[in-house]
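Next come the structures, one after another.
Paired with chain B in one complex and with chain C in the other, chain A is shared by the two complexes that follow.
Right after this comes the complex of A and B.
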């Protein structure tokens, strides 16, 4: 029980919890709930990607493919088979994990830029394939009838249910991320990141460790995909497999600090908050992509370790608090 | 049937040469400095709009405009190199992937704000060329010839001139090249500039035959990835071959099945080649 109260885990969870109850405290709860949903979803997605990207050092550029696969699997189960959202979400996570496992066996042999390119190829192949599958609605995608929400007590209740599920998932991802980082398994992953050949010599069974890291980083985007598209009411290939979206997750990780537990949580929050501010500001409305680009460039060139990495490097006291 | 197949194949090869040219820019940069330029697509789009603007507002001949765009592309490439790439040239691949992607975001951001994402057209025609057994728009044939000419010039440059030889030396072994007195940073910048130039030239040529928009470069970027992997990352001649193969696939596959299956085939091929033969078709076994 003692480990639960480590600040390295407590701080990111506290951040998520405080943001999660914000809509209850503020008056205008519907719009702040939507804002917080985007924020918390980004944190969860960035934290998941961080497992393979930050800890293991494998740049999964097309990671959104698992979000799309899970989303499609769950959405299909809800609309075509009439499943409840809960088993559908689990199915989404399972499908994403299964495909990550199968793909991982093959593509995780590639290193560096080759792996990054392969993940882009997989994403585009999957998108092109889904466009051709008629039972998934082809290029138009699938739509959910509005009456589907009645099952959960109406649209309002459904939205809140999805919201709290997302909060739960975000906390779960953070806990998993923390336990990976502080475990022997995580140590193996970080050894792979630093020097894969050396890690292998030191007794890390690298193919197995990498595959597990890939599966773990895929399962949560799969589940989140189901929640997101259930809330959306429709799913289409363009939304489910948007390369740009998954690169945003990488930006969030880099902003907060790759390979840290708190980094993706912080980065996801800051990025989405900044994006929302820019989108609503009259001056930057048209140029939000430019601002994000400049921000990314500055981080990559001058603060490659991100906010948390930078803070950790500055003082030993912060190193003990931030994980 | 035979005739349809033949015409589609020629059509595919004609556009394939231009794909190959675009991919050459990507593969040259990778071959010399191990950087995958994720700003490749927007740079192709800039080439398109360079030709469009010069043609529409100055009334220049599109092929003359391509030459001007090439010069501007070279300068732009050198600038991008010094701003975004030079600092991360020795960092792990993630850094250069992200820094070039940030350039991508900046170009697309400015581009969409100024040009919106609607479609533009270079209204230019060279009539139809009729060779009896085969008909094609003249502009398409001219564009393909320019692409071939550019490839030939690139080879002359790389193999017959001193800066070209420097580039190959730096690609081979940067440290030894430096020991021989080659100013490696300047050569890297030049190589990056040439890579960007090739992308913009390809974009300019595409603009003479197809409608364009600021996001159109993205799909050519993905095609370039497929091509460079087919031909072997870092191998310009392989890129030309890869371009021809991709063009053939795009020309012939729609004869047999729905056009929407073309990208499925392309990307599956891409991933398979990465897995089975990452050095590409022309590459030697390691």
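Right after this comes the complex of A and C.
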């Protein structure tokens, strides 16, 4: 008998749902909605990256490239082709997945630091390419006319629509992450992470598994990019391909626990909450990147498995609660 | 029926010829012992057979199919499993999950449910069942060797390549492992075993082949091979000394 109640899935989804309805309960709903949007988006992005980084063991440093590619594709479809946000978001996800697949054929042969470096190279190359593409607005990027929001009932309604779409996506990513982790496919990915050559000897078709993991980890950032830049009203290369955001996602994953379902959700939440606190504190506001760097160092040195990884290593009982 | 044909296999690393023009056959159900001094090319020969390396020259035929140079996951799917001389546990996965990888991706391509059942059976078989929930990285060396074995068996192979599964084990552990290997053979699995512990390999093998500096220098029953002066020399350098030692051992 399969149990319907799976704590490994229920806990992270419950966290997202509780945070998501917070703006409705609190007095100042617009500002808490913005705060929660950032938080929940981070959870979704970190969970996506976790598929290739945490489950498969390939550190995709420049992973934000898929956020940028998706963002540009969707934004372009909305402003130039007059598409509705829904198909535009799907286009963003599709483009990110397609490019991940093509790039994967080349870079997934690399291991360890070489792969990580290649993903940074890809990010910088993509940024340089977009800057030189006139139809994407070159270095200035693309603008969306304010009247675009009318289609969805006005600016206020659009913001809420994007908000709930983000919540939906975050839950979807978590569900996908959980089903990967607990599937045969996921077992193969984790075997690759632990020892790729041994995995191959045991019959894991490693090139195929890695490609799928890379594509799956790219598709959601692609969709999220479309939502983010639609809400933003404009897109430019500097925002779409900012390496340090990617690095922040890695910090979130490491903080919560790489290779776990709950880890990136928890890590994304804690990291953004800390960041917001630091941003509003006059002492720390100039040092937030320093703090992120130090945090990463401390985690890697002292709790390399992150909060959830640390808990899971304690006992088999905890492993059954926290996936 | 022949399950494996190794034909004129040579493997070079730059200027070093690790395996030199080796040819032998293997009958189904047989246990073949592969012996030879350290650095003779035994592990490299295994790597050529299961596709970790592509042989520089020669052919590997498995169950009538040419598998030379196929990726190693293909040979796993066809029913060829192995253990590693230097154990390679998937440290952050549990012992059970380690064996499940073998079952899921091996010859029978099982789903998770069947894999869990098979993996558990194999862990019981090698005596690791009570450790199934432990992370593989936490096992000791003897247990890791048994895990290698359980993982390979979970794939339900036709041919099993065992690379020094007895090395580093104490006497009781060796006895336990020999028992396990006998039981595997009773289930109809064909085995090639690389082994340094002579009494073990002599008592288990139907036939022995001997590698020295990459070349096959002798082939035959354990008795024949142990009388072969070239083999004795390869091991001890001095045939007279070797002969005396053999006499002493008999006495």
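Simple rule for what comes next: the second predicted complex is superposed on the first by the 317 of 323 C-alpha atoms of A that agree within 3 Å, B and C clash if a C-alpha of one lies under 4 Å from a C-alpha of the other, contacts with A are read in each partner's own complex, and residues count from 1 in each chain.
Note that in this section contacts are C-beta pairs under 8 Å (C-beta built on N, C-alpha and C of every residue); 3 or more make two chains touch, one makes a residue touch a chain.
Since we're looking at a predicted model, the values are computed, not measured.
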| item | value |
| --- | --- |
| Contacts of A:313 with chain B and chain C, given as first, second, both or neither | second |
| Contacts of A:102 with chain B and chain C, given as first, second, both or neither | neither |
| Contacts of A:140 with chain B and chain C, given as first, second, both or neither | neither |
| Comparison of chain B and chain C by chain A residues contacted | B |
| Which of chain B and chain C A:81 touches, first, second, both or neither | neither |
| First (chain B), second (chain C), both or neither touched by A:21 | neither |
| First, second, both or neither for A:204, with chain B first and chain C second | second |
| First, second, both or neither for A:188, with chain B first and chain C second | second |
| Contacts of A:30 with chain B and chain C, given as first, second, both or neither | neither |
| Complex contacts: residues of chain C adjacent to chain A | 50, 52, 71-73, 76-77, 81-82, 84, 88-94, 97, 100-102, 104-107, 111-112, 115, 133, 135, 151, 155 |
| Residue numbers on chain B that touch chain A, as the complex places them | 30, 34, 36, 83-84, 87-88, 91-95, 97-99, 101-106, 108-110, 112-113, 222, 225-226, 229, 233, 258, 260-261, 263-264, 266-268, 270-271, 274-275, 278 |
| Of chain A, residues touching chain C in the complex | 183-184, 187-188, 190-191, 193-195, 197-206, 259, 313, 316 |
| Touch list for chain A against partner chain B, complex | 53, 57, 59, 61, 106-107, 109-110, 112-114, 116-118, 120-122, 124-125, 127-129, 131-132, 139, 247, 250-251, 254, 258, 286-297, 300-301, 304 |
